[in-house]
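Consider the two complexes below, in which chain A is the common component and chain B and chain C are the respective partners.
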Partner chain A sequence: MDTLLVGLAGVVALSTPVVLATLGEILTERAGVINLALNGTILLSAMTGFAVAVNSGSLLWGFLAGGTVGMTVALLVTFTSLTLGQSQVAVGFVLTLLTRDLSYFLGNPYMGKQGPRLPHWPLPVLQDIPILGPLLFRHDLMVYLSYVVILGMWFWFFYTRPGLILRGLGERPAAAYVRGARVRELRYLYAALGGFLAGLAGPAYSLSVKAGWKGTISGLDGIGWIALALTIFGGWHPLRGALGAYLFGLLQWLSLVLQPQLKDIPSQVLQVAPFPTMILLLLFVNIGNTEWMQRTLAGLPPEVRRLVERALRALQVSPPAALGKVFREE
Partner chain B sequence: MRVELRNIHKHFGPVHANAGITLTFEEGKIHGLLGENGAGKSTLMKILSGFYRPDDGEIYLDGQRVSFHHPADALRQGVGMLHQDPLDFPVMTVLENFMAGSPGGMVPDKRKARKSLKTLGEQFGFHLDPDATVASLTVGERQQLEILRLLWLGARVLIFDEPTTGISAQQKERLFQALRQLASEGRTIIFVTHKLYEVQELCDTAAVLRLGKLMGRRTAPYDLDDLVKLMFGRVLKMERKPAVPLGEPIFRVEDLAVESARVRIRNVYLEVRAGEVIGLAGMEGSGQRYLLRACAGLLRPTSGRVWFRGREMTGRSYLDFYQAGATYLPATRLEEGLLPGLRVADHLVLTRGSRGFFVNERHARDLAQEAIRTFNIRGRPDSMVEALSGGNQQRLLLSLLRPNLSLLFLEHPTRGLDMESTLWVWEQLLERCRQGTAIFFMSSDLDELLNYSDRILVFFAGQVSAPIPAEELDTESLGRLIGGYGFVPVEEAQTMSVGEAAHAR
Partner chain C sequence: MPGERREAMVTLLFRLASVVFALLLTALVLVLVQAPPLEAFRLILKGAFGSPKKVADIFVIWIPLLLTSAGLLLTFHAGLWNIGIEGQIVLGAVFATGVLRYLQDTTIAPTLALILAFVAAALGGMIWALLSGVLKVYGGVNEIFSGLGLDFVAVTLVLYLIFGPWKRPGVGSMSGTEPFPRELWLPTLEKMRLSPWALALALVAWIMVIVLLQRSYFGLRLRAVGRNPRAAYLMMGLSPARLTLLAFAICGVFAGLAGAIQVTAVYHRLIPAISSGYGWLGLLVGMLVNYSPIWIGPVAWFFAMLNLGSIQLPIVLKVDSTLAGVLQGTLVYSFLLGEGIRMKWQQRRREIGESE
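== the complex of A and B ==
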C-alpha cells in the first residue's frame, strides 16, 4: 500500500511540469492564440533556468529566467501574428525547432553539472491527512504552485468577469470587442502569461523532478507536444487538462512498473503505449460527433437518449472558434 | 436621446462606404434606414456605435459632441447596437452572455443578473432560459437576449441591423412590439433594413442610402414606389413565376424518411419534372434542410428510394448526384459555398478552368472579368470572396454553376439580398427552369415561396406536409400552415400521399 502511494505521489510530482505547460497553453489558446513553440520552449527554459540557478545560486532567479524564456517565445509568436499578420502555426513550428537546438547548443557548458534543487517542503497539517497527505502534500513548492494554478485558472475562467471575456476572446473576438474588451492587448497579455507558465515547466524539470541539464538525453524532448495534445484532450478546460496530464503521467509510470511483469511484451511497446492510449481517449471524447453515434442515439428511448446525450456532450470538446484567427479593431 | 451624424466619411481601401452622410434621429421614434446591399448602412451604424472610427465627420448626442474609441465608449454614452449577425458567444449560456462585459467587481453577482434578466424579459414578453447555451437558441431568441443585455447596460439609442432576417413570424411580431414599446418609453430606435413593408409597418421616418450617400428622407405614410426609386434609382416589382412548360419527370423519391433527434420526416412521395420549382416552407429548423440535404445525397435518409434522371440513386453520395447533373447551394455562402481566402479568379479557375496542372493567370482573369460582367458582380478578379457583400457572393456562386444542370438545390437563395438582387437572382434561376432545370429551394420569405414555386412542401415541428400547388395558397394561408394551424403531416394523411403518388404517375 505504502509503496503504491509513494509511486503515485511520484506520478504527481513528475506530472507537474506537464500540468504547467498544458495550463499555460490552455490560457493562451482560450485567448485565441496558438503557441506551437511549446516543445522547444520547455527545453530552452529548462536549460536557461538551470544555468541561471547555477550561476546565481538562486533558485528563484532560475525559475524566473525559465518563465521569462517562455514568455518571450510566446510574445514572439503573438507579435508576428497579431502585429505582423504572419501565420501562428508556421512561426510556432519554426520557433519550436529553433529553441530546441538553441537549448542544446547553449546548454553544452552546463552538461551534467551539479546544481541546486528545489527542496522538499511537506505542508504542515495537510501532510498528515490520510492518503491525500502523502499523495499531494509532501512535495516541493512547484507542485503546490501547480495546484494553485489549476484551481485559480478554473475559478478565473468560470467565476470571474474577466474570465467571461477571456473565454469570449477565443470564441468570437468581435463579440468580446463590443462587450468592452481590448482584444489585441488582452491577447498579448494572456499569451504572455500562458507563455510564462509554460516556461516554468522547464525549470520544474531541471531544478526539481529531473534535476540537472543533460542535453539531448534529458528526456524532455516531446513533452511540449504532449502538452499541446492534452490541451485538446482536456477540452481547453483547466481541470480536465490537468487531469489529462496526471493520467499521462500515470500511464508512463505504469508502463515502467509493469515492465518486469510483462516480459513477453518488448519494452519499447510499453514505453510508447501511453501515446496510442491518449489517441484512443481522444477518439472516445469525440465519439458523440459521429454520424453513426447520432443515428444510434436516435433509435434509443427518449429518456435514455437524453442521458447518453448529456454524458457525451460533457465529454465532447470543441476548440475556441476563433483560435489562431487575427481580429482587427478598426 | 437625439442623435446627430454630420458629414460622416468612411473608406475601405478603394471603397467609399460612407460619403458625407448627415442625418438626425429624434428620440421617441423608430427610424428606418433603407438601402440596397452595400449601400453603407451597416458601416454608418457601426460608426455610430463605436465599432468603426469615421475617417471624417462628427457625432452629436443631445447636442453634445462625442467621439468613440471603442464600442464600450458608445454604450457607456447610451448607444447600443444589435449587429447583422448576432455578436454573442454561442458556446456560453444565456446568463454568461448576459453578464459578459457588464461593469462591476471581479466576481459577477449571478443572482442579481439572473433576476434582472428575468424582470427585464418579462417587460417585453421574452422568456429565455438563463442556463441554456446560446447555440441552442433560435436567431430570434439570441436577438432578444442582446436587446435585454443592451437595455440592462443602459442603452438609450438602440440600433437594429436587419433584425428580421432568419426569425419566425411570431418572433418578428414580438420584436416589433418591443420596438414600439421602447420608442414610447422615449428611446431612439434605428431600424436598418431593405424590406420596404417593414418600414411601412413600423417606422416613423425612413432615410435611404445608396452607394454611401443619403438619397432622401421621408416620413410616414410612405409612397412605396417613391422609396424603391430612392433605393435603386428605378421602380422594381416582384412578379409571379411565368408559366414554364414542364418537361419529363427527372427526379423522384418514394417513401422517403429522414429522422434524427428532432426531425421525423416520413412518407415523402414526390415526382419533379424538368423546369418545375418546389418550395420548402417552414420556420427555421423545422426540418426543411434535412429533406433538402437527403434529396441531394448530402445526408443519408433513414429509408426510402430516390431516382434521378432514370437511375436509382438511393444511398448515393452528393458526388454521384453532382456528376449526374445536380448541384447544391448552401445558405452559409462563406462556410460551405465559397472558399474564403481565395480570389474571385481562383474560384472560376477551380470550377471552369482548364484541367491542366498549372494555373494560367491570364486565363483566370479573363474568366473572372467575364463572370463579373455577365453576372453584375461588384468586385474585381482579385477581390477575396470574403470581402464581397452578401449579394455579390450569391452572384458569384450563381456564376459558378455549370451550364446544363438538371437539378438545383438552394437554401435561402436570396437571404440578406436586397430587392434588386433578389429579382436578378430569380431571373437567372427562372431562365434555368426554361432550359429544363428543376429547382428545390427552401426559404422563409412567404412571397418568394408563393411567387416562384409550382408546389410547396410545408414543414412544421420536424414533420412535412404533402406537396401543395402554390396557386392554392396565399400569404395568409401559408403563414398559418407554417405556424402549425391546419397543418397535416403527410404520414397522418396516408390517403393524400397515395393520391399524390397516383397523381405523380
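== the complex of A and C ==
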C-alpha cells in the first residue's frame, strides 16, 4: 500500500511539467492562438533554466529564465501570425524545430553538469492527511504551483468576467470586439502568459523531476507534442486537460513498473506506448465529428444510435471556433 | 508592366534580406558560445567543398532530401502537414532491409533483389502515410498528431528490430544490423557513396512533382482541396477524402524510396537513425520554397550542403553540429518574417496609392 502511494506521488511529481505545458497551451488556444512551438520551447527553456540556475546559483532566476524563453517564443509566434499574417502552424512548426536545435547547440557546454535542484518542501498540516497528504502535499514548490494554476485557471475561465471575454476571443472574436474587448492586445497577452506557463515546464524538468541537462538523451523530446495532444483531449478545459496529463504520467509509470512482469514484451514497446495511446485518445474524442460517423449513425436503429451517440458525446470535443484564425478589426 | 517588375524586385530584395538576417542571427548564436562566426561559416564551406568526394557527398544527402521534399510538396498543396514523413522514411528502410535479409540467402539475382527491396520500401512508406491519411479522413485525427505518434512508433520499431530479431550475431548494438553482402549494395561511383541510380530516381520524382503540380488537372484539384476542402467539394464536386489519401500515398512512396536508398546505397544496413532527419528537413524545404516545385531542387541542395559542411564543426571548433539545424531553422523563420513584412509594406503602399 505504501509503495503504491509513493509510486502514485511520483506520478504526480512527474506529471507536473506536462500539466504546466498543457495548461499554458489551453490558455493560449482559448484566446484563439495555436502555439505549435511547444516541444522545442520546453527543451530550450529546460536548457536555459538549468544554465541560468548553474551560473547564478539561484533557482528563482532559473525558473524565470525558463518562463521568459517560453513567453518570447509565444510572442514570436503571435507577432508573425497575428501581425504579419503568416500561417500560425508554419511559424510554430519552424520555431519548434529551431528552438530544439538551439537548445542542443547552446546547451552543449552544460551537458551532464551538476546543478541546483528544487528542494522538497512538505506542506505543514496538509501532509498529515491520510492518503492525500503523502500523495499531494509532500512535493516541491512547482507541484503546488501547478495545483494553483489548475484551479485558478478553471475559476478564471468559468466564473469571472475577464474569463468570459477570454473564451469569447477564441469563439467569436467579432462579438468580443463589438463588446469593447481589444482582441489583438488580449490575444498577445494570453499567448504571452500561456507561453510563460509552458516555459516553466522546462525548468520543472531540469531543476526538479529530471534534474540536469543531458542534451538529446534528456528524454524531453516529444513531451511538448504530448501536451499539444492533451490540449485537444482535454477539450480545452483546464480540469480535463490536467486529468489527461496525470493519466499520461500514470501510463509512463505503469510501463516502468510493469516492465519486469511483462518479460515477453520488449522494453522499447512499453516506452513508446504513450504515443499510440495519444493517437487512440484523439481518435475517440474526434471520431464523432466526422461526416462518415454521422452518416453511419443515421443508418442505425434508433435505440442503438442513441446509445452510441451518448457515448460519443461524452468523449467528443470541439475546438474554439476561431482557433488559429486571424481577426481583423474593421 | 513596370509595376509588376518592381514588385518582383521588391520580393527578391526581401528574400535576400531574409538570408542576410538569418546569417546575422546565426552569427549571434555562435558568439554566444564564444565561437568565431566567420571561421565557422568558412569551415562549413570547406567541409562541403573541400574535395571532390565531399561534393559528391552533398548529393548523397540531396537525393533522399529531394525525394522527401518532392513528396511533401504534394501534401503541402493538399493543405496537409505530413509530419509523419520521418516514420515513412523509416518504414521504407525497414521494408527494404526485411526483403534483402530474406533474399540474401537465396539464389535470386542481386538486381532483382534490389528492385524488390525498392518496391517493398515504397509500399512500406505508403502504408505508414495512409495510416495518417485514414486517421485524418475517417477518424478526424489531425495529421500532425497521428504523424508524430507514428514517427515515434517507427523509430521504436527500428530499435526493437536492431536489438531483437535482426540483431547482429552475438549482441545487438546501436551500430545497426549486420551489413548486407556487397552484391546487394546499390552500385555507386567508384570510391564514393553516390549512386547514379538513386540520383536518377530522385530526379524523376522531382520532375514528376513539377509536372503534376504545374501541368496537370490533378495539381489543380489538389490545390483547390488544400485551399478550401468544403468549397472544393460543394462547387467542383471534388472528393477531399480521395485526394487527401492520394497525396499521402504518393508522399509515402517517395519517403519509402528515400529510406530504401539510405539502406542500400549509404549505410548498407539498418541503423537507428536511418532517416537522418531528412523528413523534418524536407518540411523546412517545403516551407521555404513557398509551393514552387522547381525551387525544391536548389533549396534542398543548399540545405544538404549545410548539413555536410557542419559535420566536422564539433572536432575543429568544439561546437555542436546542430549548427546546421539552427541555420536552416533561422533561414525559414526569417523568410516567413520577411514575407510578412513585405506583404504588409506592399499593402500599405497600395493603400497610400489609392488615397492619393
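Keep in mind that, in the parts below, the second predicted complex is superposed on the first by the 301 of 330 C-alpha atoms of A that agree within 3 Å, B and C clash if a C-alpha of one lies under 4 Å from a C-alpha of the other, contacts with A are read in each partner's own complex, and residues count from 1 in each chain.
Criterion: a residue touches a chain if its C-beta (ideal position, glycine included) is under 8 Å from a C-beta of that chain, and two chains touch if they have at least 3 such contacts.
All figures in this text were calculated on a predicted structure; none of them were measured in a lab.
> Between chain B (first) and chain C (second), which does A:T3 come into contact with in this model arrangement: first, second, both, or neither?
After superposition on chain A, A:T3 lies in contact with neither partner.
> Please work out whether A:W225 is in contact with chain B alone, chain C alone, both, or neither, and reply first, second, both or neither.
In the superposition, A:W225 touches chain C alone.
> Tell me the contact category for A:A175 with respect to chain B and chain C: first, second, both or neither.
The answer is first: A:A175 touches chain B but not chain C.
> Give one of first, second, both or neither to describe whether A:P276 is in contact with chain B, with chain C, with both, or with none.
In the superposed model, A:P276 contacts chain C only, not chain B.
> Touching A:R161 in the superposition: chain B (first), chain C (second), both, neither?
first
> Answer with first, second, both or neither: which of chain B and chain C does A:Q114 touch in the superposed model?
Neither partner.
> Would you check which partner chain A:F105 touches, where first means chain B only, second means chain C only, and both and neither mean what they say?
It touches chain C, and chain B stays clear.
> Examine A:V94 and indicate which partner it touches, taking first as chain B and second as chain C; both and neither are also allowed.
second
> In this superposition, which partner touches a larger number of chain A residues, chain B or chain C?
If we count touched residues of chain A for both partners, the winner is C.
> On chain A, what residues does chain B touch that chain C touches as well?
none
> Taking the touch rule as given, give the residues of chain A at its contact with chain C in the complex, in rising order.
Those residues of chain A that touch chain C are 36, 80, 83-86, 89-91, 93-95, 97-98, 100-102, 104-106, 108-109, 222, 225, 228-229, 232, 266, 268-269, 271-272, 275-276, 278-279, 282-283, 286-290, 292-293.
> Which part of chain A faces chain B closely enough to touch in the complex?
Interface residues on the chain A side: 159-162, 164-165, 167-168, 171-172, 174-182, 291, 294, 297-298, 305, 309, 318, 321, 329-330.
> State the interface residues of chain C toward chain A in the complex, per the touch definition above.
29, 32-33, 81, 83, 135, 137-142, 144-146, 148-150, 152-153, 155-156, 159-160, 163-164, 280, 283-284, 287, 319-320, 322-323, 325-326, 329-330, 332-333, 336-337, 339-341, 343-344
> Can you check the complex and tell me which residues of chain B touch chain A?
46, 49, 51-53, 70-72, 75, 81, 83, 87-92, 96, 99-102, 104-108, 259-261, 300
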